[in-house]
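Here come two complexes built around chain A, the first alongside chain B, the second alongside chain C.
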Partner chain A sequence: MKLKGWKEVTPGAVVTEGGSALKFKTGSWRAFRPRWIEENCIQCLFCWIYCPDMAVKVKDGKMTEFDYDYCKGCGICALECPGKKGNKAIIMEEEGK
Partner chain B sequence: MATGLTLKELSKKEMLLTAGHRMCAGCGAPIVVKMVLLASEYPLIAANATGCLEVSTCISEYTAWKIPWIHNAFENAAATISGVETMYRSLKKQGKIDKEIKFIAFGGDGGTYDIGLQSLSGAMERGHDMLYVCYDNGAYMNTGIQRSSATPFGADTTTCPAGDVIQGKPQQRKDMTRIMAAHGIPYVAQASPSHWMDLMKKVRKALDIKGPKFMNIISPCNRGWRSRTDDAIMLSKLAVETCYWPLYEIENGVTKVTFKPKEKKPLKDFIKPQGRFKHLFSPENEGMLKTFQEMIDREWEALLKASGAE
Partner chain C sequence: MAKVVAATGNEAVADALRQVNPDVSSAYPITPATDIMQRFTSFVSNGKVKTEMILVESEHSAMSGCIGASAAGGRVMTATSSQGLALMWEELFIASGTRLPIVMALVNRALSAPLNIHGDHSDGMGARDCGWIQLWSENGQEAYDNTIQAFRIAEHMDIRLPAMVCLDGFIISHSIERIEYLDDAAVKNFVREFRQLYPLLDMEHPVSYGPLILPDYYMEFRRAQAEVMTKVPKVVLDVAKDFEKISGRKYGLFETYRLDDAEVALVILNSAAGTSKDVIDSFREKGIKAGLLKPRLYRPFPYEEVGNALKNLKAVCVLDRADAFGGSYGPMFADIAASLYPYRERPLLINKIYGLGGRDYMPSHAELVLNELVEIAKTGKAKTLKEYIGVRE
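Our next item is the complex of A and B:
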């Protein structure tokens, strides 16, 4: 997005569009990438509630995928994932490998 | 109809803090805020004290908030939201608005314990119908980890660095939750994002109560705590289990511990993964570690006593 000049900025720099941060993608910050292994997923949604970046997509109460446009790769989801029978449903992998 | 407090039900609600904010990877604050916003059954208006949350969720032209949101200055989030709340009451009286709206102020520990304390105290005393949420990460993380009055004993920060002269912060942290309770307001609570259900129940309870409310929520900061980016929830859980951060509420003067760990873990479990306490594990600082544990024990016992449990 091109930055506006002072004449184009709203008075008081008020932002009139709620949630406009969505236009700013933070996925490029990521050094590690979470990978979802569906067969180990028990749909507890811990990944969804604990994600600081709202990067876990849920549909009809079920985790469907990661949103790599925004995921910063912190790894909280992978650490908190209980998995199934000791097998994690989320693992972190180094980007670019 | 109230949304059930299950993750499945909650996941169907609209997220009022969006992705694309620029908090660090693994920050605890957006987790805390999203839980607070998800818990609410009412339309919300929020004010924010200057701090990490404020600067990173609203960077020129972009906002991660989907609710009306105002930032004024560092010291006056509570005063600002009390003004908004007063205007709302006036408009309601004039018949220009009939919606039931709730007001929340968010501040970090710097904006709450130190810089915003007098305006917060004033707003509480005046009795505004508002909830103040402090996300406590225990230092001025936004400006580069300077000590605040929430910084725990022994923690290394850039303004109380562990070295030859001192071994981290020499003083004890301030008990903000009890200071707020001393205002005699109807509801004060302490929560942790690791115990999301407990946190959300407290937010719901608080919003249903008329008058000033205060919640203090621990918010791990991997940059300032010198820990891993994936351990925000793990550390906040350990903070609760070691009784470093007990979960309790004070409703109309009655103290209730809302989560009592089955087995109180040693404080070491919580501080060991954090680089800011690294120096406490060298042999010459054994005494400090002991002092720190005693402080936590004393606070926990006082809390149990206040709650009538012991």
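Our next item is the complex of A and C:
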């Protein structure tokens, strides 16, 4: 992407395009990585609702996988995950381990 | 038909705001600005304006409320003084960086400590580089006129920057003067309908405010903001021309008083300029070529025009009603010095700090300074470059 010059930027840094977060991959910020444990998943989609970005991929009404291009590792999905019978379906693991 | 009234500076600003009838105001009381919002909230309660009034718990929230309302698409105003402005500090930069044309009356008051509620310019001078347009006012009439013009300047499509209108605490805010009010309809017509560039509430065109801008783009946004500042003086003059048509009152980037053929001059802001003009007259009667320059548009500072107006003088004193601790000189002195720097031939400059915390500025102070300037013009030598006047040893 060619970077814009100062005469081309929007006044006040207002973002005038909806859904432009799609263009910015922020996965490299992550220190902790969510891991999905399918057998503990009840498909409540809390992870999808709570994810502040678009890191939870849903197909046909079901969680299918994480999109690590957009996951900053905030851990909200793991915190909110009710799991099954006390076992979390999402756990956070340190990157690089 | 214009109406002549006896009103305080605060009352005049409140009436100007009533006539502008902004969409939203978010404010918190602080002496000596309280009176503006007290009067304005009465207008809200009595149905004189349609403004949505947000009463908040601090000035930090007051300016935050203004920012939100302005981004949403409203015409927004507030008022504050001293510590209130200080508490708004981070929001001031957010308002200007986001290019939100909020109008604020700043009733100038000394900053703590020591605690003081009276007029000086330390609050406005402290915020002079926060990206807001600053218009300074000598008296209640100018505060009224500047408030109305500030909306047109701030909201101009080439500008879109917040603007503060400064007036001296108590000396102007609480003193009754003869003031000419414009018709409500004339003001309404003058300020026109407000249209936000990117209203958050426009559901058809969704926008996001306040994104994170990293080193790859931050400088481009700042460069663009600096460019907008260069366009302000022309807009200020255009708006002044339109304002003259409805009021008969002339405004420029600054006011000169008997300056054209002057050899010595004072540069001084706000109410003390009024006091000084009388003294200039008495010096002129004695055959001394004395004059005065009173800045009006202080940010952006019209360096070129001010330098041009002062360059042929022999000696000039910049009187600052605020000090810049550790900066050697008062804040306005530094601006005047920068205005004159490009000229090989230029007047000798001295700096006096006066009137802090509401200390009276007397005609005798102006006389003392003008006599010193006459001596400097004669000898070509200045004894003291900067000193406090009206202070006990």
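Heads up, the rule we're going with is that the second predicted complex is superposed on the first by the 84 of 97 C-alpha atoms of A that agree within 3 Å, B and C clash if a C-alpha of one lies under 4 Å from a C-alpha of the other, contacts with A are read in each partner's own complex, and residues count from 1 in each chain.
Just so it is clear, a contact is a pair of C-beta atoms (placed from the backbone, for glycine too) under 8 Å apart; a residue touches a chain by one contact, two chains touch by 3 or more.
What you see is a predicted model, and the numbers here were worked out from it, not measured in a lab.
S.K.: Looking at A:Phe66, would you say it contacts chain B, chain C, both, or neither? Reply first, second, both or neither.
M.R.: A:Phe66 sits against neither chain B nor chain C.
S.K.: Which partner does A:Trp36 reach: the first (chain B), the second (chain C), both, or neither?
M.R.: Neither partner.
S.K.: So, does A:Thr26 touch the first partner chain B, the second partner chain C, both, or neither?
M.R.: So A:Thr26 only meets chain B here.
S.K.: Is A:Trp6 in contact with chain B, with chain C, with both, or with neither (first, second, both, neither)?
M.R.: In the superposed model, A:Trp6 contacts chain C only, not chain B.
S.K.: Mind working out whether A:Ile76 is in touch with chain B, chain C, both or neither, as first, second, both or neither?
M.R.: After superposing on A, A:Ile76 lies in contact with chain B but is clear of chain C.
S.K.: Looking at the overlay, does A:Tyr50 come into contact with chain B only (first), chain C only (second), both, or neither?
M.R.: The answer is first: A:Tyr50 touches chain B but not chain C.
S.K.: Which partner, chain B or chain C, touches the larger number of chain A residues?
M.R.: Looking at chain B versus chain C, the one contacting more residues of chain A is B.
S.K.: Do chain B and chain C land on any of the same chain A residues, and which?
M.R.: 3-4, 13, 15, 18, 20
S.K.: Along chain B, where are the residues that touch chain A in the complex?
M.R.: Touching chain A: residues 7-12, 15, 17-31, 34-35, 57-67, 193, 196, 228-234 of chain B.
S.K.: Residue numbers of chain C touching chain A in their complex, please.
M.R.: Residue positions touching the partner: 97-100, 160, 197-198, 205-211, 213, 216-217, 219-221, 223-224, 227-228.
S.K.: Taking the touch rule as given, give the residues of chain A at its contact with chain B in the complex, in rising order.
M.R.: By the definition above, chain A touches chain B via 1, 3-4, 13, 15, 17-26, 29-30, 44-46, 48-55, 58, 60-61, 67, 69-70, 72-76, 78-80, 92.
S.K.: Which residues, counting only chain A, touch chain C once they are in their complex?
M.R.: That would be residues 3-7, 9-16, 18, 20 of chain A.
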